[in-house]
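Quick one: the structure is below, and I'll ask about it shortly.
Chain IDs A, B, C, D, E and F follow the sequence of writing; residue 1 opens each chain.
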Amino acid sequence: MSEDTPTDTTAAETREDRFERGMEVLDRVDGEVGRKVVDSLADVSPELGHQVVAWAFGDIYSRPELAPRDRQLVTLGMLTALGGCEPQLEVHINAALNVGLTPDEVVEALLHASVYCGMPRALNATAVAKKVFATRGTHPKP
Amino acid sequence: MSEDTPTDTTAAETREDRFERGMEVLDRVDGEVGRKVVDSLADVSPELGHQVVAWAFGDIYSRPELAPRDRQLVTLGMLTALGGCEPQLEVHINAALNVGLTPDEVVEALLHASVYCGMPRALNATAVAKKVFATRGTHPKP
Amino acid sequence: MSEDTPTDTTAAETREDRFERGMEVLDRVDGEVGRKVVDSLADVSPELGHQVVAWAFGDIYSRPELAPRDRQLVTLGMLTALGGCEPQLEVHINAALNVGLTPDEVVEALLHASVYCGMPRALNATAVAKKVFATRGTHPKP
Amino acid sequence: MSEDTPTDTTAAETREDRFERGMEVLDRVDGEVGRKVVDSLADVSPELGHQVVAWAFGDIYSRPELAPRDRQLVTLGMLTALGGCEPQLEVHINAALNVGLTPDEVVEALLHASVYCGMPRALNATAVAKKVFATRGTHPKP
Amino acid sequence: MSEDTPTDTTAAETREDRFERGMEVLDRVDGEVGRKVVDSLADVSPELGHQVVAWAFGDIYSRPELAPRDRQLVTLGMLTALGGCEPQLEVHINAALNVGLTPDEVVEALLHASVYCGMPRALNATAVAKKVFATRGTHPKP
Amino acid sequence: MSEDTPTDTTAAETREDRFERGMEVLDRVDGEVGRKVVDSLADVSPELGHQVVAWAFGDIYSRPELAPRDRQLVTLGMLTALGGCEPQLEVHINAALNVGLTPDEVVEALLHASVYCGMPRALNATAVAKKVFATRGTHPKP
């Protein structure tokens, strides 16, 4: 089995390099709330914090094959469907707005979710959106 | 409680009108595979078939607040996260390609899913994408 | 494909007609707590509120093919199995009592759930039942 | 902590007694397909087979606090919501018909599920119902 | 169908015997927090409390085929994957420490979960571990 | 925010280095069936194959903080709970046996799962174990 890499990436990186590369993406996408998640892990599971940054953001989010706003649309769909991910929905509704989705698009994505996940998941996710909009002082068009 | 409707929709519609409006959207988004789903329900649950068309497509998909390709990104995220939705993923990976997402964007969305749903859900969804690409004679860029 | 409708429904309805028809069913089944859910959506996603009322209650709940108490038995099963739906369980344990299920039947349905969903889901749902019973001043027979 | 048992059950039973009591209930509810599930476990996990019979049917299903048809309504809701339980749905759609639910009530319960679990779960469960109806030579009223 | 029992258990037990046998195991594994769960059910669903003790602990946990620490590793995996089981995770991270797993092993099991369930489930479970460690005055090695 | 890494890992690695390191762990744990999964991704999502190897096995599985058999116990719990992961359960029941769990321990772990995930998930996972045991010519003690 040969490894058919989609991008030529021959540069050697240390663990720290990968972490730093991920932090740049994390800051751009999740902003302050993303850092808080990583900080909260420092005394219990610093390795989980490292992997969120170095792997999720450094290796996956950093890829140009999908636009940042498109990644958040997929993410909103997943977090709504999974259920019980209200803390992550709060982070990623913020992220969605950070990378260019409008409050109306976020709300519509969660309405769309009612077709595939049912009303309870859509309602719970929309309650998180309401809270995020209030915190940011934004809202969908009336 | 007053109903604050986001769009002015004062026209009266029959049940059949709503169904026909939905079929136009279903045909545009899901194509032939969507019709097959509805047809398969004719002898067991025609009402479920009606609601998929009249409600999901006629009422929700038809709204202009989210672009068709954006709806499919959210949908791919949800179906991957739910698990056990391989038949629906087949319909909606086709739909995603019908409304303008590229095979590379679909594959990247499912890679992105590994961060939020874990590897098994991402692997199962990618196996469906592989099958759909083969049927359509398309594939991601090498 | 012809649409084989199970009921003859040739009357034309406006969007508002469907909403009003749904509100009557919602009031009967969910009572005050149902209205609160719809009201809470007014400033964030009035369309989701509309669809809960017009579609879920107006189109589905209103059908005579399944008795109201039977719909709540199915609903208790689903909400328990989904997990993370404690707010909806609160609404629907109230609804179950509104449409004629006894506290003992509700508690037994959640015990039955332990066979199919496991103990954690049954325990979480039973904790919601305990809270609803306390609020209503009712309780299972000792 | 004292154990406040809802029924007085002072009779001593052997493990075999409990199994036999469960088999009577299993036969009544699930019929032949239930026995096949237990038989298939004989060479891999006889203890799981024992617990399905002695605990699920002997201890839980046997309780008079919820009617057999009501237990199947809850069960149809749970299995539809869980997803990936098509083999169990097949057993329990048969069970539902065995204990007095009509094909129309089964189909309506699965339509109702679309509100709480979304369309994919409702569609997958309805496909199992279609298969069970065909095997039994029954069907919903046209 | 004959019942091929893996252990010879011919002794007759009353319902109370089984409960007492289960309480011994519950005390050893879950300690005080387990008793609290059962006590909280006394006025709403004493039968669910009975079954948690008599069946889950008396019949399943008591079996020697899997070591207590191994049962907790499986349990941590399940509760993390299910989502929305934070109260049960709190009980079972305590249980894991009670039966000999170290804080480092618990934290690593939850890191491992990120591969199969995705980051949100791993993060939510790790937040519960952080809380349990603080309450017990223990922590992973820095 | 400083990154408090649990292990000192200052060596720089290329993408290919990480992949090779992961392949060694994958071969040891999953054996031939693991390679087949990665190979099947070569033409549809080579990046997902890379991440399974380089991240899941190279970064997570390779850590000494949890024994290989303990990782498989957690994994069996997660895959059983998730549902719809039969292909992954097949890989990991094989893996469990490769790293030292006995067929009896695997079967008992899946029986234990019935307490937390309910009977359907336990039954579906046990059916996969039966198939894996048959392929390997092994079985639990009678």
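Observations
The working rule: contacts are C-beta pairs under 8 Å (C-beta built on N, C-alpha and C of every residue); 3 or more make two chains touch, one makes a residue touch a chain.
Predicted model, so just to flag it, every value in this text is computed and none were measured.
Taking shared numbers over all numbers used, the chain D to chain E interface scores over half, which places it in the same class.
Over half of the residue-numbered contact pairs of B-F are shared by just one pair in B-E, B-C or B-D, which is B-D.
Distances between chain centres, each the mean of the C-alpha atoms, put A farthest from chain D. Averaging Cα atoms per chain gives one point for each, and the point farthest from that of chain B is the centre of E.
Chain centres here are Cα means. That of chain A falls 22 Å from that of chain B.
Chain C has its Cα centroid 32 Å from the Cα centroid of chain A. Touching two or more other chains at once are residues 4, 47, 51, 55-56, 60, 63, 78-79, 82-84, 88, 107, 111, 114-121 of chain E.
The touching residues of chain C, counted against chain E in their complex, run 83-84, 107, 110-111, 114, 118-124, 126-127, 129-130, 133, 139-140.
Those residues of chain A lying in contact with chain E across their complex are 37, 40-41, 43-45, 47-48, 51-52, 56, 78-79, 82-85, 87-88. Contact residues on chain C toward chain B in their complex (touch as defined above): 1, 3-6, 9-17, 19, 35, 38-39, 42, 46-47, 49-51, 53, 55, 59-60, 63. By the touch criterion stated above, chain C contacts chain F in their complex at residues 114-121.
Interface of chain A with chain B (complex): residues 4, 55-56, 60-61, 63, 65-66, 70-71, 73-82, 88, 104-105, 107-109, 111-117, 142.
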